[in-house]
C-alpha cells in the first residue's frame, strides 16, 4: 500500500506546487465574493478611494472659493449639497477632503492597531511581569487626556499631517492593546496552542501565526469602528493647531463647523456626517466579509 | 524479543515526578485544595522500546505525558532526556529538544488550529523543525498523509471538515512529521476503526524498527497495548502500581488492580468467555486520595497494612515491579 | 442693532413685578471672586456692582457717576479727593468709611499681596484718610485716567474686616457693600447671590441671582428658550436669526469697548516694511468680514480704539478696500512673485472663520496665506514671544479710557505679553501716550490721542477690523436688562416674573 | 485572586508616579504659561513675574516636581493655580457627578449594545441585523454634540419632557446618558455581534442544542458567556473613559464633570489641577482594568492572571 | 435472543451532503435502518464513513451551511423528524432522543462547570428545581463512575481528564432517560473497567426505561457484548446490516471481514497486523460502482460499474455486495479483464 500512495502523491505534487499559494488567494476571494454585503462594502471603500484619487477632476467647484454672499445655501442645482458658512461648495469640499480624511483615518488606525496589537499580544501571551508593565503603561495612556497628548506632540514634533496621524494613532493604541490582550488570554490556553508549542515553535510563530488569526475578529471590528473616531478626532486636533489647518476640507472639521448651524442649516453637518458614516459602513461591512472569509467554518 | 538488561539505553528518566493542580474556590478564587494528578512517580523509558501506560481514567496518564513535554510545569521531580534535564533547559534549548519529543494528543480536534488547513498544519511542523528542505515539504506532507491513510486532497481542508478518526490521524501525521525520537501517544488510535488502527499500528512499528523510535503509549485498549508494547506500566490514582514486561504482565499480572483490569476486557470472541473480577467500592479521588495503598478501598485482598502504609514499587520477578503489600 | 426697548412691541407694557430669582447662564465659571485677583470678565461679572461696588460707576456711555463716592475733585496734578457716602455698611456689618477705602488700596498695592492688578494702579503713591468720609489719592505722577480705573472691577471696595480677618477667603467668599449678598458657589456649576435687604440704595427687585455654567452655546440658548434660564450673555452670532424669530426670547445688543484687529509682527520680514503692511490693510474687505463672519454684529473699526472709549477720534479713517493700491504698494516694496505668510489665530470659531476669509481676500493680491490655529495658551505664548508673522487679536479695554488702549497696544514698554503684539515701537507715539496720561484736560488728552492714532494709522502695526458689539439673550419674562459697554450684566432694574 | 488584587492595587503606585512625571514634563514642554494666562489682558512683564513667583513657578523644575510628589504622597495635591482652591476638593465635587453619569450611560451602553449585538448575530444578514448595523455606525460616525443637541431640541425644547441642563434628578440624567451611551452601545453591539458569530459555530453550542435548550438559553447562556471577553474589554474601556470624563457631553448638558475640569485645566495650564485630574483618571483606569481582569477570570476560568 | 417489537425509529434512505468549494461531499449517502424499543444497534465502520454525520442528522444538528440533509426520512414514533419545526425538535432533543458526542472537549462548554451542564438538561426536561437538579447531576456523575462527584461537578471541563469529560457527556445524555440514546464512541477514552461499568449502566437504562440505543464504536468487543444488531458502514453507506453475533461468526461483506481480520489479538503475538489495503475513496469523488471495489480482493467488473443494493441474505441479515446477488456468478473477474 505504502509505495503506491507515495508515488501518486509525488506526481500530483509537480503540477500543483506553484499554484498553491495563488489558489489559496483565489479560494479566499471566492469566499469573500459570495458574501454580497462584504462585496458592497468593498465597493464602497473602492469608490471612496477612487474619489480620493480623482477629486480634482470631478469636483464641480473650487473647494476653497469663498463666497460670503451665497453662504449657507441649501442644496440647489448649482450646489448639490449646498454651501457652507462661507459660501463654499460642500460637495467639492467633500470630494477634496476624501484624500485627507481617508489617509488620516487609515494611517492612524493602522498605526494604532499595529502597535496596540503588538503590545496586546505580547502582554497576553507572556503574562506575568511583561503583562503588568505593558498593561500599566496602557492604563496610563488611556488615562491621558487626548488634548494634552496632542499638545505634547505638537510641541515635540511640530504641527504636521503625519503628526496628527501619530497623535490619533496613539489614542487608539490602548484600545487595541486591551482588546487583543483579553482575547489572547483566552486563546493561549487552548490545546492547539499547546500542540504547536510541543512542536517547538518559537513564540513568534505561536503568537503571530496561531494566536493572532484566532483573535482577529474583535480587532477587525475595533479597527473599522476606530476609523470614524479617528476622522472625527483628527478634526478636533486641527483646532489645536495640529494637522490639517483651515481651510482644509477635512470631513471632521466640516462636520464640526456645522455645529453652529444644526438647526438653521442642517445640511452643513449632514453631508459630511453622511460621508463619514457611509465610509465607515463600507469598512465595517467589508471587515465583516473579511472575517467571514477568513473563518474556515464559514466555508460554504 | 526481550533484550538483555545491560544493552538497554535509557532514553528518558522520570524521577519523583509530581504534578498537583490547585483547586480554586470562593469569590477570590483561593486555592482550597489540590488534585494530586501525578504523585511521585519514577520510571525509565529505554531507547527503541514501547512503554505503555494503562490505568483508570483520570489516574494521571495524560498529565504524565504533558509534564514530560513541559506543557505544564511539574510541581516537582526531574525528567532527563538523553541526559539532558528537561526541566532546567532554557527556552531555546527546549525548543530544539522538542523536535525529538512529540505528542499525539488525546483530543484531536482541540489540538488542531481551526484556521489552518491540514497542509498548513503539517507544513508548519516541517518548517518549525526544518526537517526537510522547502521544496520537498509538499511531497513529504503527502507522504505523511498517505502513511495515516488520508488522501492528498485533505491538505486543502480544515479540521472541522474531518471525522473524529481522520482528525486523530492528522495528529499522528503531525507527530511523525519531525522525525522525533520519542513519541507520546495519548490515546493515539482510540478513535480509529480497527482497519485504520491496524494500519497505523503497523506504521508505528515499522517506523520504530527503521528509526529506533521510542513510544510512550497511553491507551485503554489492552488489545492494542498488548500488540504494541514492550513493557507496560499500570497507574492508579497518580501512582505506578505495576510495571513489567508485556508478557509478564499479561500472563502473570500481580497487582490486584491489574488483574481486575485485564479481566474486564471485552472480547469479540464467542469462544473465549471469561470470568470477570468486578471491582466494588467507590472510586477514590485524587483530590483526597486514600491513605496507605491507594487501591485498598477497592481491593478484594486488602489487609490492615494496606490502609496505613504506602507500598513501594519492588521487583517481584524478572523485569517486573509491583507496588503491593500482599505480593511481596 | 436692536436694543431691549425696540423689541418690546409684542409685549404688554412692562409691569415690574418684584421677586423671583434671575438665572443667568454663562460660558464659564469664575476663577476667583476677589476683585484684587480677578483678571477675567466672567469672574468680574459675578461681583461687579452686585456684591461689590466701586467709588464711581460708569453709565451707559462710560461716563463716571457717583456711587460709594458722592463727589470728587482733583486738588492738583497728583492729588484726588473723594467724599464718601455715609451710612453704608458691608455685608458683614463693617462700616464703609475712608479707612475702609485705604485698607482696600493698601492691600491691592502691597507687593506681598501679589495682585495681578497692582500694575494698573502703580501710579498711586498713597491713600490718605482725611476724615471719616473723606479720602485722598496721592499719585506718583499726574495720571488723568484715574477715574477710569476706579470705575473698573479692580476699584471694588471690599470689607476691611474681611480683609484683615481672612484675606485668603475673599476669593471664595466675597463681602462687599453691593445690592446682592454672596450666598454660595458650587465650583464649576453655579454661583448664587441673594438680595441685600439692608442695601443703602434702591433695593433690587429680584430676590437673587444664580449664575450657571453652561459651556455649550446652543444649550444656553435652549435654556432661555425653555425658561430654565432668563439671561445668557455670550451669544454666538450664528444664533441671531433664530433668537429674533423666537417668541420666547429676545436679543439685547450694545456696543462694546473692544476692538478686533490684525496685528503684524513689525520686527520681522516681510512686515517690517510698512508698504507691505499697508498693502495688506488695503486688501482686506472689512465689510464682508463683518457681514459674512459676524452676521453684522459689531461695526467696522477704523481705529484700534472703539468709539465708546475716551480718546476715540471719529475723523480717523480706516483703510479703504483698494486692491490696486495694494498691488502698487507691494510692487514698491519689491515683492513681485507674491508672498507667503502665516496667519496665526487662536482656536475661537469666529477668528478662524475670519482667518479663512482674510486668506481668500489676500489671494487677490498674490499673497498666499497659511493659517495656523493655535490653542489659546499656545497662541498667547506665540504672540507674546513674537513668533508669529501676522495674528488676529483683540483688545478688551475694560476701563473705557484711551490710555489703557494706547499704552498696552502701542507703547514700546508693552511689547509682547502686555498687549503690544506687533512689537511696534515709535518714540514719538510713546511720548504722546506718556503726555496724555498726565494731562488732566480732557480735550487736550483727546487731541494727543488723535495725533497718536494718526501716526499709527500711517505706520499700520495693526489693521483694525471690528468694533465689538455685546449680545445677550433674555427670556420674555425679563425686563430691565442692560449690559454696560465693558460687557457687565447690570441688574439694578431687572425683574423676572 | 486576593493576592492578585492586592498586587494590582500596589501597582498603582508606580503608575501614578510615572503619570505625574509624564504630565509634569509635558506641561513643561507645552507652550503657554500659566502666569501669563492668569495675569490676563494687559499685564506687564513685572506682574507676570510676580505671579510666577507667587505660584512658585520660578523654582527649579526638578525641585517643583519633587515638591509636588512629596506633598502628593501626603495627600496634598496642591491648589489650583487659577482658583487657589485645593485640587482634591475640586475633583471630589465632580467625581460623584461623573460617576453617576458614567453608571447611567454604561447601563445604556451595555443593555442596548448587547441586545442589539445579539439580535444581529443570531439573525445574521437579516433586515434587523442590517438596520442595527446601520444605526450603530451612524451612532459612531456622528459626534456626540450632534446627538446631544438634537436630543435637547426634541425632548427639552419641543416636547419639554426633560430639563436642558444641570444635574441632580433622574430626569437630568436621561438625555446625557443616552448621548454618551449611544456611541458605546454601537461599539458594544458590533463587538457582541462579531464575537457571538464566532461562538455560535462551536461544538458546545451544538451540544446545547442537543439538550433541547431554547434558542435564547443557548444564545444568552452558552453563547454569550463565551463571547464576552472582547465585549467586557470594550465595556471596561468605555466605562473607564466615561469616568475619566467626557468633555463634549458634559459641555452640551452643562454637567459639572471631571472631563471639563481636566480640559479647562489643560487650557489654562493649571498644572496641579491637570496633575490631579490625570492622576484620578489613572486610578480610575487602573481599577477599571482590574475589574475587567477579574471579570475575565469570572467568565473564563482558564484565564490565568497570576 | 430478545424480541423487539415496537419500532421506535425508522430511517429511510437518509442523505446528508456537504456543499463545499471543492464540491459535494456525500457524507451520508442513502442509509436506512430501523431501531426498536429497548434494542441496541451498533454502528461500526471505517473512520470517516459517515457514522457521526448520520447521528447528527437524526437530531438535525448538521451545521448548515455547508451541510444539508438532502433526502430521506427519519420516522420517530411514526412521525418524520425532518418535517418538524425547530420548536418541536427542541422538545425531542435531549428528552426523547439524546446524544453523546464524539469530541468531549470541544463539545462541552468551557465556561460552565460539568455539574451545571448536566443539571441544565435535567432542569429543562424534568422540571426540577435548581438544587434538586444539581443533586441529580452529582448522582449521575457518581453513576458514571467519577470519584468525588460533588467536587468534580464544580470543575470546568479543562480540569477534567479525557475520560472524565467523556463521562460528563454520558451523564448529560442519560440524565433524562431518553427513549433513544445515540452514543458516538462513548467509551473510547475510558479504561476497560469503567467502560464495562458504563455499558452496564446503559443496559440497566434499557431495561428500566426501554431505551433504544445507537452505539457507534470501533471496539468490536463492545459491539459483541452489548449490541443486538449491527450496521457496518463504508463511505456513507451501510454495507452490512445484521445481528451482532452474526457478524463475528458469519461476516459476509469483504469489508467486514477485513475489519475483523485487522483486530489485534489478545491470544497471540503478531509482528504485523492485517490491514485492508488501499484508502477510502474521497467523499467528493465516489466511484461509480461499489465504493469498496477499489480495495476489494474479489471485485469484478460489475462492482466498478454499479452500486449493489442491500441484499437480504438471511433472516435478519442484509449485505450490499454483488457477491450475494444472482449476477455474481455470471461476472468474470475485473482483474482478469484488465489482464486481457
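Going by the order they are written in, the chains are A, B, C, D and E; count residues from 1 in each one.
One rule holds for everything that comes next: a contact is a pair of C-beta atoms (placed from the backbone, for glycine too) under 8 Å apart; a residue touches a chain by one contact, two chains touch by 3 or more.
Remember, predicted model here, so these are calculated numbers, not experimental data.
Shared contacts of subunit C and subunit D, meaning chains that touch the two of them, come down to A.
Counting only chains that touch, the fewest steps needed to get from subunit A to subunit B is 1.
Just count the C-beta contacts per chain pair and the biggest one is B-E. Averaging Cα atoms per chain gives one point for each, and the point farthest from that of subunit B is the centre of C. Taking the mean of the C-alpha atoms as each chain's centre, subunit A and subunit E sit 49 Å apart. Centroids of subunit B and subunit E (each the mean of its C-alpha atoms) stand 27 Å apart. Averaging Cα coordinates per chain places subunit B and subunit C 89 Å apart. One finds 22 Å separating the Cα centroids of subunit A and subunit D. Annotation for subunit D: residues 30-31, 145, 149, 153, 201, 203, 267, 300-302 touch two or more other chains. Shown for subunit E are the residues that touch two or more other chains, namely 20, 63, 103, 105-106, 158, 275, 279.
For subunit C, the set of residues that touch two or more other chains comprises 218, 375, 378.
The residues of subunit E lying in touch with subunit D in their complex are 56, 59, 61, 63, 86, 89-95, 98-99, 101, 103, 106-112, 117, 120-121, 124-125, 156, 158, 169, 172.
The part of subunit D that touches subunit C in the complex is made up of residues 30-33, 36-48, 50-51, 53-54, 82-85, 89-90, 93-94, 145, 148-149, 152-153, 156-157, 160, 163-167, 250-254, 256, 260-261, 264, 267-269. Those residues of subunit A that touch subunit C in the shared complex are 64-66, 68, 71, 85-87, 147, 151, 154, 159, 238-241, 245-247, 257, 259-264.
Across the interface of their complex, subunit B is touched by residues 1-2, 5-6, 8-10, 12-13, 16-17, 20, 27, 190-192, 194-203, 205, 209-210, 213-214, 294-297, 299 of subunit A. On subunit D, the positions that touch subunit A within their shared complex are 11, 14-15, 18-19, 22-23, 26-27, 29-31, 125, 130, 133-134, 137-138, 140-143, 145-146, 149-150, 153, 186-187, 190-191, 194-195, 197-198, 201, 229-230, 232-234, 236-237, 240-241, 244, 262-263, 266-267, 274, 277-278, 281-282, 284-286, 289, 292, 296, 300, 302-305.
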